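In the two complexes below, chain A is the common chain; its partner is chain B in one and chain C in the other.
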Partner chain A sequence: MTRFFRLLRKDLQASLLPLGFLSGIALIVMLFTRVRISMGSWPNEAALAAVSLPLVFLPLWLLWQSFQTLRIEWREDTVYTLLVLPLPGWKVMLAKLAAICLEYTILLAVTAVGALIFFAPQVQQAMENLPSLLWVIRNFSLVYLFSLGVLASMVIFVQLAFVVSKMVGRVQGLIAIWTLFLSSWFVEVLGALMEPLFRWIPVLSLDRLFRLDELRAGIVFELNLASEIGSWLGILALFVLTGVLFEHFVEVSG
Partner chain B sequence: MKIRRVTLIVLVFLTVLFIFDVRYFGNRSIQEPSIHFNVGPGILEPAAHKMQEFILSQSDFTSLALKGRHGVVELRSAESDVIKVQAIIWADEEEVLEGLEVRESISGRELSYELSQGPAGQEAGLGFIVHVPDGMEVSVDHQFGSVNVDDFVGFLNLNTSFSNLNVNGIEGTVTIASNFGNINLQRIRGPLRLDNSFATCRVGLLAIDGGYDFDVVVTNGTLLGKAPFQIGAESNNKLVARGQSGEGVHPVIIRSNFGTVSVSLED
Partner chain C sequence: MSKAIQALQIRNLRKKYSKVEALKGVDLTLPQGEIWALLGPNGSGKSTLLKCVVGLVKADGGEIEIFGDSPSRRRKGQIAFVPEVENLYRWMTVRQAVDFTAAFYADWDGARVAGLLEFMGLDQNKKVSSLSKGMRARLKLVLALARKAPLLLLDEPFSGIDPASRDRIVEGIVRQFKSEEQSMIISTHAVGDTEQLFDGVVFLDEGTINLQGNAEDLRNQYGKSINDLFKEVFA
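Entry: the complex of A and B
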């Protein structure tokens, strides 16, 4: 377990500079927007754009980062060290996945704190239209967990694509893109094929989970878990496969 | 070298499967999407309200008609011979409320309730909490609100617009006409006729002796289903589903325009 955390710390340390840079950019954009709003040059709605901008950019950057952390291991020849570590391949991949999830959490927290500091009046105004502070915290936490799940799935696809690309001699970039595409198609098909097996699972009422009735009556928001569980199992299988391929079959000199 | 070959073979194999899937199973759009989101009409909160209660013996009546708006209708049936109707009247002001009452009328063997004429230009609403004996015919005409039916045995006719409709447990014949709203029908056991426009409908049928005969037509909308019917596309954006379970004794007729319909049959 200690080795796993060391690996995680190593990945986090490697991301420290870009993490600080991105956090700084997000805060500067928010500060700049705050000043422009105070001067009356920009409308209040600009605050929403300033907060949304990092949130839109964040997942794209993290997906690139998940590719980059593996690429660096090859570029700097540290992949040899990874392969001789007494750690199974899946733990290596898990450490990188956990590092990306932590980076996401940190950047999200920086954006949230920045919004609270720079746009306090706008946040307070928005809060007046929402049921309660507890409701907001609860729903933000749930949205965070859902988005973390989606991000983790995407990172798993990227990891598999990268590792498979390192198993062929040429056109590794094209193979990576094609593997990314095929893997997402594969889990979708798996979800559809396994759906009849899980029909007994009731539909998850997200409107109750998010307590949307407190916001407005008549909102129906449901998630059919039956068609999702097969896909989730498929993603888990791809994660294990990536670990096995990385541990046993990957070409180091690629 | 061997692993390179194996990797390429697996990728080529998956690519062939992918092409085959797109070529022969490309129309996944008719499968049910895993996320379902709809915003139905909201319910206004009454500023002032009062209640009237009516309790009658069923002996003289075979049917009950309710006409409401802007409120919630709660309906259920039980093994008894008493009809119990609680009418909730609401208005924006107390003065308006004082001039309003629920009118009870009897026509042959039908008992009906509706709101008396209030002052012109004043908005008023009427909702009901109703308990009826099993086997009765109940007709509900409702606008701008919500209709909830639980564990009902008998004949049910619903005519709603801009209302959310939730039915959980019916044994009998159901006829529904609804526009603009969410319709959620669960644990339905019996013949069903559903006409709707601009509505999202979820229909959950329970297996019944004699089985069902499905006749579903959705125009300019989406049809999803886990029921024994075949979905086919016709011209003019029309989706048609026909099929039977068992002997196909009980008709399930659904006509939908500009809406989403999901039909499932549980064993």
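Entry: the complex of A and C
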């Protein structure tokens, strides 16, 4: 595990500068919005926009980052170091995936702390309309875990596409796009094919999971886990495949 | 009678990059405890040969045996490879680069590394990006020589290096090499200053071996130094 954590630390350290920069930008946007609201130039609702902006933008940036972190290894020839390590390929990929997930968590935490500092009155007002602090923590944790799962899946697609593209000498961009397309299709088909196997799992009602009845909301969403499990297994298989390809089939340029 | 296990045995190794045939059936044997030079001009296939051994490129055909075994993850961990390219993380300090490498190899010798850094004149607090090319080459070598790896493969360790750094690197290799435990291949086209290092030489040209053998035998057979022989073969 020490080796894995050393890789993880390396990937996190390499991202420190952009991570700090983005955190700074998010905080500055919130501060600026706070000042405008205080001056009466912008309405109170602008606070919501200032908090939402990083939340929308960050996952996109992190997906780009998952591509960049691999591209830089090739561009700066440090992939020579990674490929000669006596490690299974999946550990190298898992370290990169874990780094992205940690960066996401850090940026979310910065946004949350920024919101609490700069928009305390608005947050307090919103809290008054919600059942309890425990309810907020519980539901935010669920949303966080769900979004983290979606982000991790997307990162796995990107990693596979990148590694496959490095197995060919030409049209690497085209190969990467096709790999993205095919792998997402594979996951979708596998989910549908395996759905009958998992029908015994009860459909999860989101209003119960989130306890929306406490808000007296009438909207009911349902999460059909039976069709999701096959897709998750497919994503896991793609991750394992990426590790194998990275360790045994990828070449540095001649 | 049991056959002696060689450090490295390569048979009929072939590699093609799209239209270029980089290796055309190379056979090579590196006896244990020896330093061999892989000599040849640019594009002769030296780097490709070493990359095939460490798994950075996949051979199209032929066999590679490392201490009698096929290449594997375990065998990979027994090779200290110095690539021709600069494979260091530039944002790291020298200390971080050392710690990072140390974490992955069981044969890392912590006691050896401090002496090597001092000998090579490397400041542990300096960032890799702030080092000169010669100093970065020294650091790459430190990261390889600080290991008690049974097989060392150095790809062009003197390429583009000033004479002072080159001498230091040669001296570093001589000081650290343990012939009873280690074997080494150095690919280079700078033969002059390094000739005294080699027990054997391989002349590689356009993916084919022109000449190979024990360095002393070749000197006696041709009546000239390896450097002169190199000039003659690749003139």
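The criterion applied here is as follows: the second predicted complex is superposed on the first by the 250 of 254 C-alpha atoms of A that agree within 3 Å, B and C clash if a C-alpha of one lies under 4 Å from a C-alpha of the other, contacts with A are read in each partner's own complex, and residues count from 1 in each chain.
One rule holds in what follows: a contact is a pair of C-beta atoms (placed from the backbone, for glycine too) under 8 Å apart; a residue touches a chain by one contact, two chains touch by 3 or more.
Everything numeric in this text was worked out from a predicted model, so none of it was measured.
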{"item": "Touched partner set for A:Phe249, first chain B, second chain C, both or neither", "value": "both"}
{"item": "First, second, both or neither for A:Leu182, with chain B first and chain C second", "value": "first"}
{"item": "Touched partner set for A:Arg6, first chain B, second chain C, both or neither", "value": "second"}
{"item": "First, second, both or neither for A:Gly169, with chain B first and chain C second", "value": "both"}
{"item": "Chain B versus chain C as contact partner of A:Asp77, first or second or both or neither", "value": "second"}
{"item": "First (chain B), second (chain C), both or neither touched by A:Leu85", "value": "second"}
{"item": "Contacts of A:Arg199 with chain B and chain C, given as first, second, both or neither", "value": "first"}
{"item": "Touching partner for A:Leu60 - first (chain B), second (chain C), both, neither", "value": "neither"}
{"item": "Residues on chain A lying within both footprints (that of chain B and that of chain C)", "value": "169, 249, 251"}
{"item": "Touching residues on chain C, where the partner in the complex is chain A", "value": "17-18, 20, 22, 48, 51, 54-58, 73-74, 76-77, 79, 81, 83, 85-92, 96, 99-100, 103-105"}
{"item": "Touching residues on chain B, where the partner in the complex is chain A", "value": "3-4, 7-8, 11, 14-15, 18, 21, 28, 31-43, 146, 164, 181-182, 184, 200, 226"}
{"item": "Chain A - residues contacting chain C, complex", "value": "2-3, 6, 10, 13-14, 76-81, 83-88, 169, 247, 249, 251-252, 254"}
{"item": "Interfacial residue positions of chain A with respect to chain B in the complex", "value": "164, 167-169, 175, 178-179, 182, 185-186, 189, 191-192, 199, 203, 216-225, 227-228, 249, 251"}
